[in-house]
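In what follows, subunit A forms one complex with subunit B and a second complex with subunit C.
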Partner chain A sequence: MIWKEDIETMPLEDLKNIQSERLVSLAKYVYKNCPVYKKKFDNAGISPADIKGIDDITKLPFTTKIDMRDNYPFGLFSRPRTDLVEIHVSSGTTGNPTLVGYTRDDIALWSDVMARTLCCAGAEPDDTIQIAYGYGLFTGGLGFHYGALEMGLTIIPTSSGQTKRQLKIMQDFSPRILACTPSYALYMAEEAKEIGLDPRTSTWEIGIFGAEPWSESIRAEIESEWNMLATDVYGLSEIIGPGVSQECQYKDGLHIYSDVFYPEIINPDTGRSVAEGEDGELVITTLTKQGIPLIRYRTRDIVSLTTEACRCGRTSPRTSKIKGRTDDMIVVRGINVFPSQIEHVLLGIDGTHPYYQIIIDRQSHKLDSVDIMVEVDERIFSDEIKKMRELEGRIREEIQAVLSVGVNVKLVEPKTIERSMGKSKRVVDKRSL
Partner chain B sequence: MKVRQLSVFLENRKGRLCEVCSLLGDNGINIRALTVAETETFGVLRIVVDNPDKAAQTLKDNKITANITNVVAVEVKDQPGGLAGILKVVADNDINVEYMYGFVEKSSDNALMVFRFEDPERAVQILAENRIRAVGEQDIAGL
Partner chain C sequence: MAQQLTIFVENRPGRMKSVSDILLENHLNIWAFTIQDRGEFGLIKVVVDRPEQARLALADHGFACALKDVLAVTAADKPGNLDKLTTALLDNDVNIADAYGFVTPNDRQGMCFLEIKNTQGVDLEVVVAAAGFTVVKDEELYET
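Coming up: the complex of A and B.
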C-alpha cells in the first residue's frame, strides 16, 4: 500500500505547486523566527519577498554542518526551547555534537514520513516489526518506532545488540519486518547458524536497512542468507532522522518525500545544480519542519536523482544509493566517524600530534572493526611497559568516549604508516561495502 | 653513580630485534647488558652499551624511537645469597624497583645487575650507605 497516496502519486506539476507554497512560507518563517537565518538572508542580500516559488530556491544561502556547530546548541532553531518535545544528539566533527529538536508537529511529520517509508518497503497494517536500530540519542530506533506506531504495526522494540535474544524473539513472535543496519543483519545470520538456526527459515520477509553505506553485493548476500527482500532507507538527523527516502519493492532508487524534503543535486565545488541523472551532492530543504527547519542543507552525500515515474506508482523523485561523501566522514556500525575527532583526542594526550592511521575492516559476517595505529615517538615513549599500556588504554578510552564506537589501539614504530606526498593517509577502509 | 640505559620501542614482529642489534653492531657499538619486555603487539628493548651517545645517535638517525633512562649497575657477589643481600637493603628502605636484569659479563669476581629504580638518586645514596658499590659508565666501557 501507499501511505499518503494523494501526495505520493501526485503529478509532478501539482507537487511543484505545493513545494512552491511551502518554500514561500518557510522563507518568511525562518526570517522572522531565527536570527541566524535572518542574518544569513541579509548577508546574501535576499529578502523573503524575493522567494515566489520553488525555482527561487537557488537564491537562498546553503546551510552546513559548520552552521550547526557554530550555533550549538539552540541558535539555528526557529522555535523556543519550550516548544520542543524531544531532542536528539549525534557526534560532531570536532567539539560540539549536532543537536536537533522536534516540536509536536515535527514528531507528527516524522511519524508520517516513517509510515510512508514502512509502506514503501512493503509493510501492511497487520504486520509486526522488529526494530533492532539503537533506541536513544541516535534517531534510528525512535524514528522507526514513531512510523510503526502511526501505521498501527505491532512493534517489538528490541533496540540493537543481544543477538541471541533478537533471534529468539523473531522465532517466538514471527515478525515479518526487520529494521537494522545491513552489517548487523549479516552478523545476525552468522550468529543464527552458530546456534543451529537456518536463517533462510526466518519469519523476516522484508528488511529495512540503513544508517551506513552498503552495496548491491551486500544486498545480494543479505537476501540470499535470510531469504528476504532487503531495502535501503536513507535519512540524517539534521533533516529528520530516518525517513527522508526509501526504496520500494523494485529497489530502483530511493523515493524521496519531496513534498516535505525538497532535494537538489549540486556540484559540491561550484554550488550549482547538476543535470538530472548526474552525480552530485544532495542538498535538502525541510519545507514544513517547525523546530529546526533547514534551508538548503548540504548533506555531503553524493547521489544522482531521477524524476522518471516508478513502476510502484509513486511520482516523487528517486535518488540513487549513496555513492560517496564530499568529506572524510566514515560510517562505522551506523555511527558517523570523522578522522578529525581522533586527531583531536591524540592532540589532547600530550600536546603532541603523533601520526596515526585508522583502519576499518569487516570480516565476512562480522561487525566493523576499527584499529587505530599510533606511531610512538620519543615524546610519548617510556621504558616502562606499564606506562606504555596506560597510554594505549588512555588513547582507546578517550577515542571510544568521543566516537561511541569500540576501537583497538595499536602502538607502532615511527614511519610505519605510509605517507603520501608527505601527508599520511589517515583512513584505510578495507570493507567491501 | 648512574649509568645510562637506552630504551628502544620495538614492534612485536619477526626479525625486528635482530635488525636493531645488527644496526648497533655495524656501528661498532657493544651491548653489555640487555633485556626485552614485551606485550602482544610491542616490546621495549633495554640495553646498556659501551658508547651510549653514539648508540642514541645511531638509533635516532635510523628513525628508531629510543629514550635514555638512568639506571644503576650494582656489583653483586657471585655467591649464594649475593643478590638477596642487596634486595634486602632495597626492600628495607622502601625503594621501588621498576625492573632489573643481569649483565652479560662479570666485573672481577662479582656479577653485575642493572636496576631501574623509581628514584635512582635516592637509591644510589642508600646503596652507598650500605657499602654496596654501583659501577660507572667508565667501568662498563672498560669491561
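Coming up: the complex of A and C.
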C-alpha cells in the first residue's frame, strides 16, 4: 500500500505547486523567527519577498554542519525551546554535538514520513515490526517507533544489542518486519547459526536497513542469509532522522518525500546544480518543519537523482544509494564518526598532537571494530609502564565518550604509521561495505 | 648515579633486535637489561656504558626513549641481603618503583638497579652504606 497516496502519486507539476507554496512560506517563516537565518538572508542580499516559487530556491544560502555547530545549541531554531517536545543529539565534527528538536507538529511530520517509509518497504497495517535500531538520543529507534505507531503496526521495541534475545523474540512473536543496521542483520545471522537456528527459517520477510552505507553485495548477502527482502532507508537527524527516503520493493532508488524534504543535487565545489542523473552532493530543504527548519542543508552525501516514474506508482524523485561523502565522515555501527573528533581528543592529551591512524575493520558477519593507533613520541612517552597504561586508558575513555563507540587504542612506535605526501593517512577502512 | 635508558617498543618480532642493532652499531656495551611487557607494547630498560650516546642514537632512529637516574647497588651473594636492603629503604620511607638484579657468576657478586621514589630527599648512599652495601660510583661505571 501507499501511505499518502494522493501526495505520493501526484503528478510532478502539482507537486511543484505544493513545493512552491511551501518554500514561499518557509522563507518568510525563518526570516521572521530565526535571527541566524535573517542574518544569512541579509548577508546574501535576499529578502523573503524574492522567493516566489520553488525555482527561486537557488537564490537562498546553504546551511551547513558548521552552522549547526556554531549556533549550538538553540541558535538555528525558529521556535522557542518551550515549543519543543523532544530533542535528539548526534555527533558533530568537533566540539559541539549536533542538536535537533521537534515541535508536536514536527513529531507528526516524522510519524507521517516514517509511516510512508514502512509502507514503501512493503509493511501492511496488520504487521508486527521488530525495531532493533538503538532507542535514545540516536534518532533511529524512535523514528521507526513513531512511524509504526502512526501506521498501527504492532511494535516490538527491542532496541539494539542482546542478539540472542532478539532472535528469541523473533521466534516467539513472528514479526514480519525487521529494522536495524545492515551490519547488525549480518551479525545476527551468524549468531543465529551459532545457536542452531537456520536464518532462512526466520519470520522476517522484509528488512529496513540504514544508518550506514551498504552495497549491493551486502544486500545480496543479507537477502540470501535471511531469505528476506532487504530495503534501504535514508535519513539524517538534521533533516528529521530516518524517513527522508526509502526504497520500494523494486529496489531501484530511494523515494524521497519531496513534498516535505526538497532535494537538490549540487556540485560540492561550485554549489551549482548538476544535470539529472549525475552524481553530486544531496542538499535538502525541510519545507514544513517548524522547530528547526533548514534551508538547503548540505548533507555531504554523494548521490544521483532521477525523476523517472517508478513501477510502484510513486512519483517522487528517487536518489541512488549513497555513493560517497564530501567529507571524511565514517559510519561505524550506525554512528557517525569524524576523524577530527579523534584528533580533538588527542590534542587534549597534554596539548600534544601525535600521529594517529584509525583502522576500521569488519570480520565477516561481525560488528565493526575501531582500532586507533597512536604513535608514542617523546612528548607523550613515559618511562613508567603504569603511566603508559594510564595514557592508553585515558585516550580510549575520552574517545569513547566523544564518539559513543567502543574503540581499541594501540600505542605504536614513532614513525610506524604510514605517511602519504607528508600527511598521515588517517583512516584505513578495511570493511567491504 | 647510574643511568637507565627506557625505550618504548611494540610487542612484535624484531623490535628487540632493532634496539640491539643500534647499540651494536654504536659499540655500546650493555651491562643490564630488562623488559616490561604490557601486551601490545613494552618498555625495554637498559644500562649501558655510554647512556647519552645510546639515547641520541636511538632517538635518531625514531625511538621514544628517556634517561633516568637509578641506584646501582652491589652486595655479596648471600641469603638475606636483599631483605636487609629493602628493610633499610623501608625504614627511610623510600619507595622502590622498579628493580632488577643479578649475580655475576665468576666473582659471586650481587648487583641490582633500583628505580627509587625518594620523596623524602634521603641521602641514599648513606642509607645503603649503613645497611652494609655499596652504591656504585659514577667513576666506577663510566669513563670520564
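Just so it is clear, the second predicted complex is superposed on the first by the 433 of 433 C-alpha atoms of A that agree within 3 Å, B and C clash if a C-alpha of one lies under 4 Å from a C-alpha of the other, contacts with A are read in each partner's own complex, and residues count from 1 in each chain.
Just so it is clear, contacts are C-beta pairs under 8 Å (C-beta built on N, C-alpha and C of every residue); 3 or more make two chains touch, one makes a residue touch a chain.
Just so we're clear, the structure is a prediction, and the values are computed from it rather than from any experiment.
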Inset, instruction - Have a look at subunit B and subunit C on subunit A after the superposition and call it: clash or fit. - result: clash
Legend entry - Which of subunit B and subunit C A:T416 touches, first, second, both or neither: both
Legend entry - First, second, both or neither for A:I385, with subunit B first and subunit C second: both
Inset, instruction - Go through the superposed model and pick first if A:V376 touches only subunit B, second if only subunit C, both, or neither. - result: both
Inset, instruction - Check the residue A:K193 against both partner chains and state whether it touches subunit B (first), subunit C (second), both, or neither. - result: neither
Inset, instruction - Look at A:K52 in the shared chain and tell me whether it touches subunit B only, subunit C only, both, or neither; answer first, second, both or neither. - result: neither
Inset, instruction - Take the contacts of subunit A with subunit B and those with subunit C, and give the residues found in both. - result: 376-378, 381-385, 388-389, 410-416
Inset, instruction - Write out the stretch or stretches of subunit A touching subunit C in their complex. - result: 376-378, 381-385, 388-389, 410-416
Legend entry - Residues on subunit C engaged by subunit A in the complex (per definition of touch): 6, 8-10, 15, 36, 38, 40-43, 45, 59, 62-66, 68, 97-98
Inset, instruction - Note which residues of subunit B are touching subunit A in the complex, please. - result: 5, 7, 9-11, 37-39, 41-42, 44, 46, 63-67, 69, 98-99, 116
Inset, instruction - Give every residue of subunit A touching subunit B within the complex, in rising order. - result: 376-378, 381-386, 388-389, 410-416
